[in-house]
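Both complexes below contain subunit A, partnered by subunit B and then by subunit C.
Let's look at the complex of A and B:
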């Protein structure tokens, strides 16, 4: 009940915030936060819930972005019409990459996803149909409403909010379904999950397909808004890394973790770019690197788990204080509490 | 003849790959932690060599050991401050930890040294050796042979010395090693130091004949993963053979298909191996 209320409050906040903030600069950042939250939440399905850390999700994002601009440049269709193509290609690639690598445990999956992503990035950089290293452009001027080319950020904001709501709704439903429990069992360990009768390979693949599909959609939306894609901006390793960092910062495997991560990191990136200008790129990623380093070292469950941890810590301290106040403390209790 | 030339230069590059990959395989085999920043360690070593020459006028005889020593310290520090704490945690934390380190090092270098490519003067180890029709650049020859000898040395150290036995004992069984009076924590810190020192030497050697840039580590890290997976993780002889093989494959695909496709071939090979023989070509099933 408490969680449902929290969800509704967040929803209302997301819907009303841009109306309170009339500044277009901030509205644009809001739209970018939601867009980043879509791909980070999509990554979260496989990387967070199922615990299979993909570092190659840029592949699906890139396929979505390139499909949108490809149907525009080749067929003259509105970019958004490329979404089905992007999703289809991504599902195919996800099945190709996932089926063999899901048999592998541990770090192998992560490394295979990086290698596959780099392979595809290099191939696209040399493929004339996709504009090679230069990339593809969207319509310079909107031809009709279908081009979804708006001069203000608000329509994008609500478009992205709608897609994010669908994705989070689906995730919420999945969390409570059998699939959610099975994915968390897989996250706990392949072998244990299998011994409980979880069809491990099949459910890892389902999670990856769902994740890849939504990541491709995020790529299409990116291309629709930005109107441009080149290998570095949509297929580079940083695209994958950002999804991973946002989800992990907020809390991997939680419903609102990726949104929280995006709400922190996107404005941070915009701010460093605004402050440092051209040389900002370096600083931005130094900060990103430091943040994930610290998260990994001190709070691997992410920021959303922080209140629970503080409560537990306070509870332990109170227990210890009570222990110390007892006239004859038992010899073993205190050191144990230290290590708990 | 040209083909032989290509193969030989591939072998020379490959032995440098083997050197820094043997460090990665040691750490990975010992504690099942993978270092995504391994390539960026190599990048740092390249900058150490570059600045040791440009700022202090040191030659390779001085800057190779210097890079090894500095990177050794970095490796031990990374183990003590980060790895020791994340290695028992969830896998996401391990991956994030070394990935964060990689981003931090790469973009700190980007910011401090700028994105421009720099090179050491080719006269540092100058000249070309002509050997029965083969033309060998002295820098590549020196770099390749030194790396080859050091990789073999690393293998001998692990298999023939008591220090090596202690390292391998911790890799085999941490508990049993503790019962034998070995401190696993020290051995693991040492392994990280050695792994980083191997990148130190390799990086300083590559800098003799290769451009230096902040992002050069990204590609080198992937090459190290390929070598380690091909050779079977934990195996230094495996890394040596696989390193040489990757060097030759890279050189041949650059020769036949063009320079842009050399990485494509290596990554494709990597995926094929992961799919069909994840324990590596030489690894035990």
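Let's look at the complex of A and C:
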């Protein structure tokens, strides 16, 4: 119940915020936050709930982006019409990449996904059809409203908010269903999950397909808004790492964690770009590195888990204080009897 | 004699040149409680893991309710009605006790409400109800072992394999665990238990099967088995008198 209310409050906030902020610069950042939240939330399905930390999601994002610009350059269609193609290619690639790599565990799985993504990036960098290293451009001038090329950020903002709402709605439903629990069980341990009848490989694949589909859609939306894609900007490893960090920062495996992570990191990135200009692109990597270190060391569950952790900490402290107030220190800790 | 529930024949589990299990047979009939005992390293747990589908045996065959399950995966074993606990409990640490059990209940009840009803019933049955909302990681060893049993029961097995489910418990905890196993048995579930603690085997098992060096060296009523000279020798070694040169 409390969660439903929190969800509604966030929804209202997302819908009304750009109307309160009339500045186009901030509205654009808002749109970028939502876009990043779509891909981070999509990553969260496999990386967060199922705990399979993919560092190769740029593949699906890139397929979505390239498909949009490909149908424009080759067929003259509006870029958004490339979405089904991007999703279809991503599902195919997800099945191809997922089937062998899901047999690997932990870091080995992550490394295999990096390898697969780099392979695709290098292939695309040398493929003339996709513009090779130069990349592809979208329509310079909007030809019709179908091109979704707007001069103000607001239409993008609401478009992205709509897609994000669908994705989060689906995630919410999944989280409560058998699939959600089974994915979390897989995250908790393959061996135990299998002993309870969870078809582990099949469910990992379901989660990856769902995740890859929405990541591709995010890629298409990116290409529609930015109007440009090259191997580095949509297939580079930083694209994958960003999804991962946003989800982990907010809380991997939670409904709103990726959105929170995006709401923190995107403005941060825009700010460093604004302050340091083009020479500051290296700073982004430094900041991401620092964030990874801090999350891994101090708060692996992400920021959303922070209140619960603080409550637990305060509870423990109160219990300790109560213990100390007792007249005699009683040895209640019974040693584990090993009298077998 | 009724049709056996489980029939394992000539099971061999080799790791390189070492045969951890070397041609072991086991037949279990419906309604039995069978205890697997033997000294450390006798191959009990390896044999047990072959029964649960965790590792495909190098040779031999396993039939469950007349169906060949030798090469079936652990999840297929569970689906067919063989559930298990682990020697070192592997609970889902980030979930509550009730959610852990829910994962198991979803196997037969895809719908949340039906699964949740099953969970409530089993938490009552195993005495975990007061801890339902506690995170699994807050449990100690006895709680974890109990949770694993509860979670396995949620998959509605006909055969339950318990791997040292009572090891590391205090005498009081052991008594309550024995009581739980009895109540599980009275639900019509057949059990195979691996146990170090002789008292448990003597009070619970209808039949004891003794492993030594990968082979079954004795089987029968627990009282008789523990008096078998071969069994005593496996546990304690040969008597000093006979070792002395004549």
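Details
Simple rule for what comes next: the second predicted complex is superposed on the first by the 330 of 340 C-alpha atoms of A that agree within 3 Å, B and C clash if a C-alpha of one lies under 4 Å from a C-alpha of the other, contacts with A are read in each partner's own complex, and residues count from 1 in each chain.
Criterion: a contact is a pair of C-beta atoms (placed from the backbone, for glycine too) under 8 Å apart; a residue touches a chain by one contact, two chains touch by 3 or more.
Bear in mind the structure is a predicted one, so any value in this text is a computation, not a measurement.
Of the two partner chains placed around the shared chain by superposition, subunit C is the only one that A:185 touches, whereas subunit B remains out of contact.
When the shared chain is aligned, subunit B comes close enough to touch A:115, but subunit C does not. Ranked by how many residues of subunit A each touches, subunit B and subunit C are led by B. When the two structures are aligned on the shared chain, A:69 is found in touch with neither subunit B nor subunit C. In the superposition on chain A, A:300 contacts subunit B only, with no contact to subunit C. Counting contacts as defined above, no subunit A residue meets subunit B in one complex and subunit C in the other.
Contact residues of subunit B toward subunit A in the complex are 32, 34, 81-82, 85-86, 89-97, 99-108, 110-111, 218, 222, 225-226, 229, 260-261, 263-264, 267-268, 270-271, 274-275, 278.
Interface residues of subunit C facing subunit A in the complex, by the touch rule stated above, are 52, 54, 73-75, 78-79, 83-84, 86, 90-95, 99, 102-104, 106-107, 110, 112, 115, 141, 151-152, 154-155, 167-171, 196-197. Taken in their complex, subunit A has these residues touching subunit B: 47, 51, 53, 55, 100-101, 103-104, 106-108, 110-112, 114-116, 118-119, 122-123, 125-126, 237, 241, 244-245, 248, 252, 279, 281-286, 288-297, 300. Across the complex, subunit C is touched by residues 176-178, 181-182, 184-185, 187-189, 191-200, 253, 334, 336-340 of subunit A.
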